[in-house]
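For clarity, chains are labelled A, B, C, D and E in written order, and residue numbers in each chain start from 1.
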Amino acid sequence: MTAVHSVDDIPSAETVETAVVGRTLRQIAFNRIKHDKVAIACVIALVIIILLALFAPLICNLFNVDPYTFDSAAISDSGGLPVGSLGGVSMKHPLGVEPLTGRDILARLLYGTRVSLMIAFLATTIVVTTGVLIGIFAGYSRGWIDSILSRVMDLTLAFPFLLVVIAMSPVLEQRLASLGIPAGNASRIVTLVLLLSLFGWPYLARLIRGQVLSMREREFVEAATSIGSGTSRMVFKELLPNLWAPILVYATIAMPGFIGAEAALAFLGISVQPPTATWGAMLEESVGYFTVDPFYMFVPLTMLLVSVLSFNLLGDALRDALDPKADRT
Amino acid sequence: MSDVILSVKNLSVEFATEDGVVHAVDNVSYEVKRGQTLAIVGESGSGKSVSSLAVMGLVRSNNATVTGEVHFGGQELVGLDPEEVRKLRGLKMAMIFQDPLSALHPFYTIGEQLIEAVQVHEKVSDGDARARVKTMLDRVGIASAEQRMDEYPHQLSGGMRQRVMIAMALINSPELLIADEPTTALDVTVQAQILELLRDLQKEFGTAIVLITHDLGVVADMADDVMVMYGGQAVEQAPVRELFYQPQMPYTWGLLASIPQMHTSSLKLDPIPGTPPSLINLPVGCVFAPRCTHKDLVAGGLCLTTRPDLGAVSDTHASRCHLNEAQRIEIRRSRNIGKVD
Amino acid sequence: MFPYIIRRVMLMIFMLFVLSVVTFLLFNAVPTDPAMLTCGKTCTPQIVEANRIRLGLDQPLPFQYFEWIKGIFVGRTYGSGTQTFDCSAPCLGYSFKNGEEVTIMIKQALPVTMWLALGAFILWMSFGIGSGIYAANRKGKWQDRTIMAITLIGYSLPVFLIGLMMLIFVIVRAHLLPYPDYVSPFENPLQFLQTMILPWISLAILYAAYYTRLTRSQMLETMSEDFIRTARAKGLPEKRVIRKHAFRAGLTPIVTSAGMDLAGLLGGAVITEYVFSLPGLGRLAIDAVKDYDLPTITATTLVAATFIIIANIVVDVLYAAIDPRVRLS
Amino acid sequence: GGGSGSATGGSKGGTLTFLTEAEQILHLDPQRNYTGEDLAFASGYLNRTLTQYTLSKDNNEASKLVADAATDTGTASADGKSWSFTIKDGIKWQDGKAVTCDDFKYGVSRTFATDIITDGPTYAISMLDIPKDAEGASVYPGPYKATADQQAAYDKAVTCEGNKITFNLANASTDFNYTVTLSSFAAVRKDADTGEKYDDTVLSNGPYKIESYVKKDSMVLVRNDQWDAATDSFRLALPDKIVYKFAQPASVITERLMADAGEDASALSPDPVDTTKLAVVFSDSKYEKRRFNEFDPYVRYYAINTKKVPNVKHRQAILACLDRDALRKIAGGEYAGDYADGVVKPNIGQDYAPTGLWDGLLGDKVEATGNVDLGKKLIADAGEAFPNPLVFDYGKSEVADKAAAAVVASEARCGITVKPNGLEIGGYYGVVMDPAKQGGMSASGWAPDWLNASTVLPELFTPSGGFNLSQYDDKAFNDASTAAKAITDRAEQAKAWQDLNKKAAELALVVPTRFGLEQRLTGSKVGNAYIWGPYGSWPYALLSAN
Amino acid sequence: MSAPILRVKDLQKHFPVTSGNLFKKQVGEVRAVDGLTFDVYPGETLGLVGESGCGKSTAGRSMLRLLEPTGGSVEFDGQDLLAMGKRQLVSMRREMQMIFQDPYSSLNPRHTIGSIIGAPFDVQGVKPEGGTMKAVQSLMERVGLNPEHYNRYPNEFSGGQRQRIGIARAIALKPKLIVCDEPVSALDVSIQAQVLNLLDDIQKEFGIAYIFVAHDLSVVRHISDRVAVMYLGKIMELTTRDQLYSAPLHPYTHALLSAVPIADPDRERARERIILNGDLPSPSNPPSGCVFSTRCWKATDRCSSEIPVLREISAGHQIACHFPEDRSSATASSTVSGTDFTAN
């Protein structure tokens, strides 16, 4: 006789438990990151840098330094180089002083960190949000909306970034002024962030659009339709959660990109206005002193290198950790 | 025995992963004779592909360890200079992979890929190689081969691609052909064409075939001998008729009972409950014990504590099970499995 | 193929049109009065007015735009009275600031930038691809780590810093090369090479990192493809598997990036040109922007954009050449 | 050593190389050239002027005139309203044609075409006897679009009789022969005039001619074989070839000159030594013979816009509060120069006398770091609130940005809110010369066009001056200045200028910051290098490459 | 018999083949589904078989208006589905559900099982008694999943378990019709059997009608009441299961049935086989006349010029062939194995 197996024979919970040791991608990724020494080091470095930036005023108080005070005593009267070795490192100025002005490098570095990170962070946030939203929208709508959005992306990408940024900063600043944001550093930062974002979003939007196009073909999207889901549920609940991996990876790579862009713009003299410090501005200035006061360059360069490396390596680690194919033949 | 072209002894493959060591293949031994077909069946993930890749020397990930012996045409392959193994691959032993679209390079024409397979082993002029490829494509039933040779894989249908894969494998008339689920991606009508082709070619060249599949119908059609794998182990090995008519192992029974029969009228299927084991934490006892509905028949919970050996049922038939012969016959009779006299 | 290219070129012309309008508007929104820039230190409002009329800046914007477009196709005449001069087609405008036809300036600057971009491109591509493949084959081993670390550091360093440091160490300090002094390669090949080698290297350092990483990840990706297993099963030697099968399959994104990057550089490698005093397009553009030299800005922007758009087309055609699955119709 | 050779030292031959950060010679067109270094360069090599300053390391000696294209240093009519010069025979253009009186006359006429001939000095317009219209512009619009009537007006003011050129002036001038040292009074041949484009292609009548000129890249000068040394007692023309390399990064120029390797031994720069390397260059004795540290002709100052800050106490407060010490340190400390006490610099000679600006002229002594108490007191005395914010225009550069920061910080001590307005150098004067756009304070610098304060005080502080950034218009001051110009006794005139200078200081029309010093470096093979007083430049006519 | 729950008439779905970048233009079309007509009654299972790519999934989707059909009509529960507005359609989806082909891609990997199975309640605004959570857990229990795994993610489950999640989602709102798109083809034989049994039980319990899409004839035979055989977007034969398997009339059905290997060596090797020549033609360029004519061993000139219509040949037996043939007797008489029937 044929034994009748009904649903009751379906494996009990216990067998499932032992049979499938499944973990979510998030858990797997977290686990992989936890075991990745490089990634951990990066996270620590970034946390330290961010803390330094957040608590800049506090730390400066602690050392009794500030980024704007000129200290004529700390520099020589002939040539304006810092007095003392290692760029004027002393009790009073733990990381030395800036040539010509005697402003404290530690303080400038910390406040510069704030500005640089803020620019990079804001730009990344805007780029990621707009890029993701537009990318999802284009990919999900397909048809003429997609065509138009894609052309806009092409067009934006076809603009020579640096030129437009340089030319547009004064214009934008003026517009902002008419909106009530007075010219000055606040508006400079806003301008920079807006311009960096303006040219940053199409890359991500394209990436996301591609992902969405292929994800649309996955059946869970259709399954969502089949139960009657609307567009907003589709975009925010079904698609978006599946895009975190590329978004996260992109964001960690974009951050250092923007930090570097700020430095390049500083070199061309269109970053934040002095006396406000940024990493880029400090580096740009210190390059000239490289032969006579190498320590001056060493300080911001180290910061830049550490943060760029950390973000990039972390991005790599994340990508590896989030890659379901990793470590398989 | 000169007849034996491939003899595998105690082959094990382990992968070190972040979750632990995966025992993908565990002490597997088998032999294949010239002109004969060995079918390997078993559930998904039971180590069928990995064991064959190990034979071909294609288990290449950094985290893999291959142990055991692989005698091929009188040569020991495990531990041999990889360069020597490479020279055998494609020439003396060849393999067909499961998904013919992803197994063919999308950027090269069929002709280029086949000609390369000829020229890597032999100094042949382009013209000669091309002629040989054309003959082979004709042989595997590709119409207007000359023209097809200049097409890319995506321009061919699934059946044609699989034929191209077969042509590629057979182009140097290998002594051994490993076919890893060669028809899973195809539908039945094309599958029938392909199997027919394999059979013809085997007759012609006397090639030994290792056929991996989970379709017992295909096994019934093609195989001389069968090896059933479960959880990385060979759980039953037998000539094809014995396996279908006198299966000795509960997993094999489960497999046979799960198939909806085209020509019988059983209305309710008899599935194996549960899911396959994790290859990292294999059960201490019989690997199949957690899903086995008959383990209670064995006294003292032996099934859960002691792993059964691959015991000989006859000269040619072996299985891993603690049940005694009487119990097996009784169960098969009650479940109507195989032919019970 | 042909109809495809024709369609793409039409699309390109359309995009260039949009671009030219947008640039024209953008830069006309700059708050500085270009007429004023023509009149120098001893400026009076009368002179400004006179110049405004002479340069046609008193005309309404659409008319100015029309004149400008006309100039490109049929040439135009500037000035009035006895002091007129012809600017023959393609007339990209007349730079008030430099007192020169923009077309001539671009003709002078373009070859410099082109050589710079091409040389750097060849360098970084060969290095990036080579080391990427090497690293991929040694994934996780120290060679892999070292290569990735070195390229990342190269990528993190601001390009002005790399350039200046090389200039100072290689030329000023070690006298390994003469000072950069651009000549055409047809005029003096040796001097050309001596001048270009450092700019090439510093640009290559910047870009190589990305290509190393891209190649590496592409290789890792393709090496796990089934057709690689097939190639091995055929008995192909490993070298051939990598070069002919794996690399070719992963080439598409590399080609895309390469096309875009090369095109971007052809629009001007601003900072490198600055550091090494190369009279290229980037400098021309940036200087024009700083001087609010509208005709030069508009023209350079368009030239740069044209490169990018052409690169897009070329990349797409190459795509089809590499990947037979891509159809261009 | 090379740098201190006598005026006739150095040997012929070789290539002299100039390295500069600039992207071009600002203007080669003689009528548009108005920057000291470029004037010296062009008149040293390409165009001859009627008169020249003496080539001498000694400033007093150098301020004396010598004849160049003219046979002597000019003859004034008795009323001082007409000056004539006779042009030497044998002076030729590079194409072999003789340089005539008409060429000089034509050259001067170009100055009037102010729409095309921009940036040049406008002395010809203000001094020549040509009627002005209601708005004060000359009725003569220059040679390009003059009607016959207009041209006739000019032809009356400048006349040629054979080789003798005569300038008829509107007002008496005792030193018009100094004025003509400016290349805006140099010759341009009518048939060679290409208008706006002449700036790139000048036809030379000097010892060299342009072989190639690519902006942002280089300019090469080679010998002009039509130049006859016999007609020229001013120029030595020693190098065979002169190469100008543009657009070099500042720090690299200094590094190269310091390294002094290969061809760079015959190189020098019109730019100052990069501030970052000053300390090294001036402390290491190996540079001793080829480094120079001299006063340049400039006074650096911040003009205070009297329209925006009308209250003199407020202006004085700005002066009192400023930390000039920080500014000087930023500019290089002791290498930046001395604290200025007015717009007239000591190296002008007799027209200078200390004004005592910082020693009580404002009511109390003002230290270099500022006198905050005094500043606060002055604001309180002003009787009204300070018109905050004070927009501070300056041309952007790294150093200027830092200086602006110092200005902001130090003025803040007195409650003055300075709003820095960094402008691209290219558009700087376009903004600040426009009263509608100028801020309350604008950074600038001024050098006398010749060694007479008449080229300083009236220019800077009267409406008729060309550079009145202070927007100052005071009847008494205007009259005093016009009167001073007309004084024929030089000593008496000097006294008048001294008084006016002190007056201007007291009125706080500008914040004088520094009497500029300039540091330069040459390669070791460069001969006859020194800093030539009149232009604060190299003595181009003398330089040698070996 | 009661009224059909689903009436499909001349259903068509053509996909445009486009080219161009900015301005797309259609250069051809893929006739994925080309005129299907059939009814489905409450509680019955209609099997839909055919080679891969013959348009089964497309047909299933078009019936539920997950794809907008190009032509034809679909009447669900007496209402014209194609005339419905978006709103109405959404609420209609309560009654008709789909189980998707691929258990791996049909579950959103970033959602927990609980939220996947609970989604229909959410979306349709249905508040089950005792709360969604409870309803979901009882559903999980019903399909044989441990309710405690409510918060797990799909990747923690095996293929069979995932397919059950999909089933649970489909039956959550107790619909009247479920289109099962190859629910077992991605599964192992043993797991496949589990799922088939489950579907069977659920049908018995709720009286749901199934449209069961598959290409595996043995599976279809196991579960269906009636079977439609498709080839290149068209129905070739539609009849009851027993009729189809015992007395097929269409040559294509013959070929299909004969190609299924039997898991029994003796019978398998003795079986008569029809090996078709060539591959499935491209649906964007289908053969003229009878679409099967290019591979049919009985094809004549008529076949390649005249399209055979689907007609009722006997009660409940529809066929689209010019030369129907009952080979059940022939099979019995013929003992030739491996006969190679070729077209030309």
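The criterion applied here is as follows: a contact is a pair of C-beta atoms (placed from the backbone, for glycine too) under 8 Å apart; a residue touches a chain by one contact, two chains touch by 3 or more.
Being a predicted model, the structure only gives us computed values, none of them experimental.
Peer 1: From subunit D, how many touching-chain steps at minimum until you land on subunit E?
Peer 2: Shortest path length, in steps: 2.
Peer 1: Averaging each chain's C-alpha atoms to get its centre, pick out the one most distant from subunit E.
Peer 2: The chain lying farthest from subunit E is D.
Peer 1: Count the C-beta contact pairs for A-D and for A-B, then tell me which is higher.
Peer 2: A-D
Peer 1: Where the CA atoms of subunit A average out and where those of subunit E average out, how many Å apart are those spots?
Peer 2: Spacing between the chain centres: roughly 49 Å.
Peer 1: For subunit B and subunit C, what's the span in angstrom between their mean Cα positions?
Peer 2: For subunit B versus subunit C, the centre distance works out to 55 Å.
Peer 1: Mind checking the centre-to-centre distance between subunit B and subunit E? Centres are C-alpha means, answer in whole Å.
Peer 2: Centre separation, subunit B to subunit E: 30 Å.
Peer 1: Between subunit C and subunit D, tell me the centre distance in angstrom, where each centre is the average of that chain's C-alpha atoms.
Peer 2: 40
Peer 1: Where in subunit D do residues touch two or more other chains at once?
Peer 2: 251, 255, in rising order.
Peer 1: Residue numbers in subunit E touching 2 or more other chains?
Peer 2: Within subunit E, residues 21-22, 158, 161, 194, 197 contact more than one other chain.
Peer 1: Spell out, as numbers or ranges, the residues of subunit B touching 2 or more other chains.
Peer 2: 60, 268-271, 273, 275-276
Peer 1: Any idea which subunit A residues touch subunit E in the complex?
Peer 2: 5-7, 10-13, 16-17, 19-20, 22-25, 147, 151, 218-220, 222-230, 233, 237-238, 241-242, 244
Peer 1: Mind listing the subunit D positions that touch subunit C in their complex?
Peer 2: It comes out as residues 23-24, 32, 34, 114-116, 118-122, 135, 137, 144-145, 195-197, 199-200, 214-218, 245-249, 251-252, 255-256, 259, 261-264, 424, 426-427, 429-431, 433-434, 466-467.
Peer 1: In their shared complex, at which residues does subunit B touch subunit E?
Peer 2: 43-44, 143, 157-160, 186-193, 195-196, 214-221, 223, 240-241, 244-245, 254-263, 267-273, 275-276
Peer 1: In their complex, what parts of subunit C are in touch with subunit B?
Peer 2: Residue list for subunit C touching subunit B: 139-140, 225-227, 229-238, 240, 245, 248-249, 322-325.
Peer 1: Which bits of subunit C are touching subunit D when the two form their complex?
Peer 2: Residues 32-33, 36-47, 50-51, 54, 81-83, 85, 97-100, 108, 164, 167-168, 172-173, 175, 178-179, 181-182, 274-275, 277, 279, 283-284, 287, 290-292 of subunit C touch subunit D in their complex.
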